[in-house]
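Structure first, commentary second.
Each chain carries a letter (A, B, C and D) given by its place in the written order, and its residues are counted from 1.
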Amino acid sequence: MFHGHLNARMLRSALPALSLAVLLAAIFYTQPRAMSYFGLNLMLQYAVPIALATLAQMFVITVNDLDLSIGPFVGLVACIGATYLHDAPALGLFMLAGCIGLYALMGALIHLRNLPSIVVTLGMSFVWLGIAVLVLPTPGGKAPEYLKALMSLQVPLVPFPIVAAVVIALVVQAALMHSSYGVVLRGAGGNPKAVARAGWSMLRAKMIMFGLAGVFGVLSGLSLIGLTTSGDAHIADRYTLYSIAGAILGGAEFVGGRVSPVGAVLGALTLTLAGSFLIFLRVSPDWQIGAQGAILILVLALRALISRGEAR
Amino acid sequence: MTRPPQQIVDLTDVAMSFGAVRALAGVDLAVAAGECVGLVGHNGAGKSTLVNVLAGGLIPDRGRIKVAGEDITHRFNVRTAHQHGIRCVFQELSLCPNLTVAENARIFHARLRGMSWKRRAAALIGAKLDEIFPGHDILPHDIIGDLSIGRRQMVEIARAFTVTVEPLDLVILDEPTSSLDAVTAGQLLAFVRRQVAMGTSVILISHMLGEVLGTCSRIVVMKDGGVVAAKPAAAFNRESLVSAMGTVVEVQGVAPRPEIAGSRQGEVMVEARSRRQLNDRKLVAHRGEVIGLAGLAGHGQTRMLLQIFAAAGKGDLFAEVRGPVAIIAGDRQTDGIFPLWSIGQNVTIRSLRGMVRRLLIDSDQERAMAATWQQKMRIKTPNMDDNILTLSGGNQQKALFARALGSDAGIVLMDDPMRGVDVGTKIEVYDRIRQEAAGGRTFLWYTTEIDELKYCDHVYVFRNGIIVDDIPRDELTEARVLSASFHEAA
Amino acid sequence: TIDIQSASADTSAKKIALSNNYAGNSWRQAMLKSWEKVTGQAVSDGIVAEASAFTTSENQVTEQAAQIQNLILQGYDAIVVNAASPDALNGAVKQACDAGIVVVSFDGIVTEPCAWRIAVDFKQMGAIQLDYLAGRIPDGGNLLEIRGLAGVFVDDEIHAGIEEGVAKHSQFKIVGSVHGDWAQEVAQKAVAGILPSLPEVKAVVTQGGDGYGAAQAFKAAGRPTPLIIMGNRQDELAWWKEQKDANGYETMSVSIAPGVSTLAFWVAQQILDGQEVPKDLVVPFLQINQADLETSLETTEKGGVANVEYSLDDAKAVIAGE
Amino acid sequence: MTVGVVSFLRGQAWIWSFLATAAVWMATIIFTGGVGGGQILTAALSFAIFTVIVGIGQMFVITTGPGNVDLSIPATMALSGAVTTKLMDTQNELIALGVLVALGIGICVGVFNYLLIRLLRIPPIIATLSASFLVQSTAIAYGRGLRIKPPPALADFTTAQIAGVPVLALCGLAFTAIMGLVLARTMYGRSVLAVGQNMRAAWLAGINVERTRLMTYMLSAMLAGLSGLLLSGFSGGSSLNMGEEYLLASIAVVVIGGTSVAGGRANVPGIWGAALFLYLLVTMLNTFGASAGLRLILSGLIIITVITLAGGGERKR
């Protein structure tokens, strides 16, 4: 009976990797050119900021909340990065730190007043977008050189996006899943009452998790302008949805503190690659958008098949 | 009354109200070092509220709290309670289901950190589990959510007794045996006796009066938020304890019901086989029978009940079920209650279909059913429209009883349903089950209390997911159930 | 980068891709249709080997950047792009240029210097609205402005043009400004909300496609219909015609022709053909005046947008700066 | 007596969205010096109704438990609008057919969503997102973005007013009342609430969990289809992006209106309050003439303020 649980659990945690592998295989089959340093580099570059945003979302999901503001927040960071950080680095850094602080305060407000996070973050999404439009009324600005250099780094053998994804995933995995305080943070999602009864501050846990979301939102925005080289208030509007979808694809559950950092990163990669695969397929323009949906469904259906087959 | 020299805690005149409900009405309670205090009382008497205050989880409206002789009423909270060596195993379990056994131990101990915390936490909880429940099959890296409720309870108990740097002076156990089978419960009580002998104090809350009488040195009886008796255990026996609790019921031996006993005839309502069963042994229930499912906890009884429940109405390869089925959950938090609803809504949900008049549910009829069953089950609440969570644990369980018994189901499955139900109510419920069975209802009753098997017409003993023995009522003995539970049986 | 001069003069083996970021309105649909029609002919005539269109599933800069990167991988010789953002695609465009690919942007242009731009003077599009109004209503009056999506450069450009126009013709005053996000329903909603609080409105200046929604909102509020600048959609033209027949209503309509995608196609083909093409080209917008209304309405598909498709000769003329 | 009324109202989560609506309206009227108050309300009612219709569908979905959300509403609206306007082809006689087709499209999308969730075990958020791509593509392929006028009778009905009150809003009010009754007093409504609190307990209490979920996703998509049809009647034709703003708006009105995102608790009147509030908020800021950036910031802060004032007492799971 315990073996049953164990196997099912292990299988479930292997699913994100499996769907990614299936998708990659399909891509390599349709476009062998993609199977190269150059190809992987091109296909996966934009997965890095998405993976970071997905991790930010995952932190919030860990404590049973949902962040509808991460997309506009990444957009705001991109705008600050392409303006103040470039022109007045000290002020830029200060603003970014302030943003992270606001994120932590958002967590505190949600906890102290017992508010539904969806509404608070929805409200904040307008606030971030508004500030971004004020910071950078029309798209433009210039990303700091070091960010551009970092994001176009040429690592020997393995493309940079893969190295970055692996490093990010492992660091967060270690911090959240294996450190002793990480346990408390996840426990805060699993049974907040029990954690509070053991004498831990739930306020602190919420603030830390939202603060971390802010940190990863900032990292996401900065890596994004490293790629695009300039900012735009709307640049990451869709990141909200991607980040939720990526986290869920990666095995996170909306309640109960069940999350997986490695899974989240893999989920983000899967989402990005689903877009690439579509382009290689050459679907008629009318059905291109639909094909994107169909690919997602196929990948997930395959997962369902595998997990059901093995569960027997 | 002479008081032992060192008081670990001393509560004076503690009062606590939830809105209109007066849960504690000025309670005095002192616990000395090395003492085992039994706390008994009917459902809703205020026991859990009292221990919540003791553990720092609730701030009372009034009263004084002294710990180790020092008055700390105004800075008493969970943290200070922990620092002063007071631990509590709450009635509604407080483990994090998404974490492993070892990780839950870590949550409990702020000091379990640093490089090798995982190994140390695993060793700590593993050792304590071995000490209390020898022969258990829980691994430190098992995830709590995967464990059955009995095993979860074992983990939580073991965790409360682990020690890192903070002292361990008093452990409060709020109905620790409610989800444990007789053998495991015995292991726990033996451990409590050893622990008390070593100087740790324990407060034990239980509705199994035998446990309290056999383990505790002093017994405090609560009724309606106040203490009505507090005497050495030796001064009580079962009858005097029951009458002190204010329950006027005859506690007597149970005679087999003459109508059906031993006959095993009539229409077959349920026929089910365990998926793992290799021989052709199967569970059969005739109309009007009370069938017992026995054995140690976690050996597939719940699974069998769920299999029958799932097969109802459509049937499957392993189970054939005739007629509508209702189930009374034992694990009320995950299987039973709807936490956002009122008590009334929780009771009526299973019967609403029959109350639909011109597409709409008849609210009068709904209210009437709630009122009837409040009275029948004696659910202790000022208002059935109050939220279900305002009920004490045992009263929540009564609401679940009402849900099933009030329904149209001809077959009622009971998944160890008496968890946390007080003696008085239990006896009424036993009576009700017998009446209903006489009226043609069929009961399948999984119980971890061997005493309850006496109310059954036929008993199946489970081990490792299969039926290892079936015992007619007249052959039923405790020894036979136990031996079947442990060995591939007779 | 490759030396364009030495490239083969024959483009019959070349592959051109269209990178598009949005397909959710009639303008974009007409754009894609024109592309299909003109490039389909070009492919069957053997002028180019392939000319496929790609649309992202979400209107997102990052998706389009990834799309361009995938087109690079696919080995296209030229990418024609209608960009979601003028600057934010620069990274991907640069990568394409570095891979030796010709990048031609139109409508939504990119600022990356290595790319070609077929720009519309959006500022001018705003300014001429005021010039027209000054001619029609010499006394001036109150204006309602319907803008596009906040934070997008086209919105800002047209708005700047309108501001300039107001500064030039100071008899006009903008008394209300709403964002219609270039969606008819949104525009209608926003206008209906602000109308009750506004004094008499003489005219409505728009960014294209919002005219009909504004007219509906005025009608619903029971207010006299002001002079509304239209945006070349068939429903706008039809409404205008209705009003004209009923009460001699007069206005103008201005927008860019979706067929500009075909111009971009020919420009890309010319570049691949080794022709010298200046990096910045300007394409006139399509203006419909009272006199052309009937003819334009006839040639416009029901529910579509007034359109012009470009031929190779048109493209050559534009390149020559005529 | 008054104390009783006040404490009754305090217990109702929806009261806050109406208070906020009143406050925002007052602020607008004060700014304009008392001009146009009635007309603003009329406009608010005419537009809020569409948000209300899709919001109710979304509310039922969200109420079935954490993680349940319907992201295919915008695409369904677009498809329904495209198909029905083309089908009705401005002929009044075909309106009934149009309504049937709109509902039929809703049923198809709802069943498809549910099958993805049930058979393929795809989390609802991703299932409905993927489905929405397919639906959107169908709308594009079918309608090609052409904007066909609605039949005159439909246009008249959707824009008709009685003494300044939109007829559609009156119908919507009746519909809302019915849905409130469905939620509180029918087997289906109770099932939704039970499933949303605890799916397993609901199954064990004899509720047909899967049928409840199927019906809920169907309901949401049918309402989206219907509102696509009505909206194209109201705004003189359908367009492919006409549903876009309802993605967030449908979720926003549900949660601002006091429905629990954790599931199991729904609030029908709150949807009206929230829909009116969101509309009037934009109107107020437009009237103030705030710049786009400032407008966004203020709307965000006002939403947070309202929820902070309203929340707190509410127990969150």
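In this section, contacts are C-beta pairs under 8 Å (C-beta built on N, C-alpha and C of every residue); 3 or more make two chains touch, one makes a residue touch a chain.
For clarity, every value in this text was computed on a predicted model and none was experimentally measured.
Visitor: Of the pairs B-D and A-D, which shows more C-beta pairs in contact?
Guide: Result: the pair with more contacts is A-D.
Visitor: Return the chain whose centre of C-alpha atoms lies at maximal distance from the corresponding centre of chain C.
Guide: Most remote chain from chain C, centroid-wise, comes out as B.
Visitor: Between chain A and chain B, tell me the centre distance in angstrom, where each centre is the average of that chain's C-alpha atoms.
Guide: For chain A versus chain B, the centre distance works out to 43 Å.
Visitor: Distance-wise, how many Å sit between the C-alpha centres of chain A and chain D, to the nearest whole number?
Guide: So the centre of chain A lies 29 Å away from the centre of chain D.
Visitor: Please work out the Cα centroid separation of chain B and chain C, and write it as a whole number of Å.
Guide: One centre to the other, that is 71 Å.
Visitor: For chain A, give me the residues that contact two or more of the other chains.
Guide: In chain A, the residues touching two or more other chains are 129, 132-133, 137, 288-289, 292-293.
Visitor: What residues in chain B touch two or more of the other chains?
Guide: none
Visitor: Hunt down the residues of chain D that sit against at least two other chains at once, touch-wise.
Guide: Residues 133, 136, 140, 260, 292-293, 296 of chain D each touch two or more of the other chains.
Visitor: Mapping chain-to-chain touches, which pattern fits: line, ring, star, complete or other?
Guide: Looks like something else, not a line, ring, star or complete graph.
Visitor: What's the complete list of touching chain pairs for this entry?
Guide: Here the touching chain pairs work out to A-B, A-C, A-D, B-D, C-D.
Visitor: Which bits of chain D are touching chain B when the two form their complex?
Guide: 181, 185-187, 190, 193-194, 197-198, 200-202, 204-207, 260, 264-265, 317
Visitor: Show me the residue ranges of chain A that touch chain D in the complex, using the header's touch definition.
Guide: 66, 68, 109, 113-120, 122-134, 137, 241, 244-245, 248-249, 253-255, 286-294, 296-297, 300-301, 304, 307
Visitor: Taking the touch rule as given, give the residues of chain A at its contact with chain B in the complex, in rising order.
Guide: 1-2, 5, 9, 178, 180-181, 183-184, 186-187, 189-191, 193-200, 256-258
Visitor: Across the complex, what residues on chain B touch chain A?
Guide: Residues 55, 57, 78-79, 82, 88, 90, 94-99, 103-104, 106-108, 110, 112-114, 117-118, 137, 139, 142-143, 145-146, 465.
Visitor: Considering the complex alone, what residue numbers of chain D touch chain A?
Guide: Spelled out, the residues of chain D in touch with chain A are 66-67, 71, 116, 119-123, 125-127, 129-138, 140-141, 248, 251-252, 255-256, 260-262, 291-304, 307-308, 311-312, 314-316.
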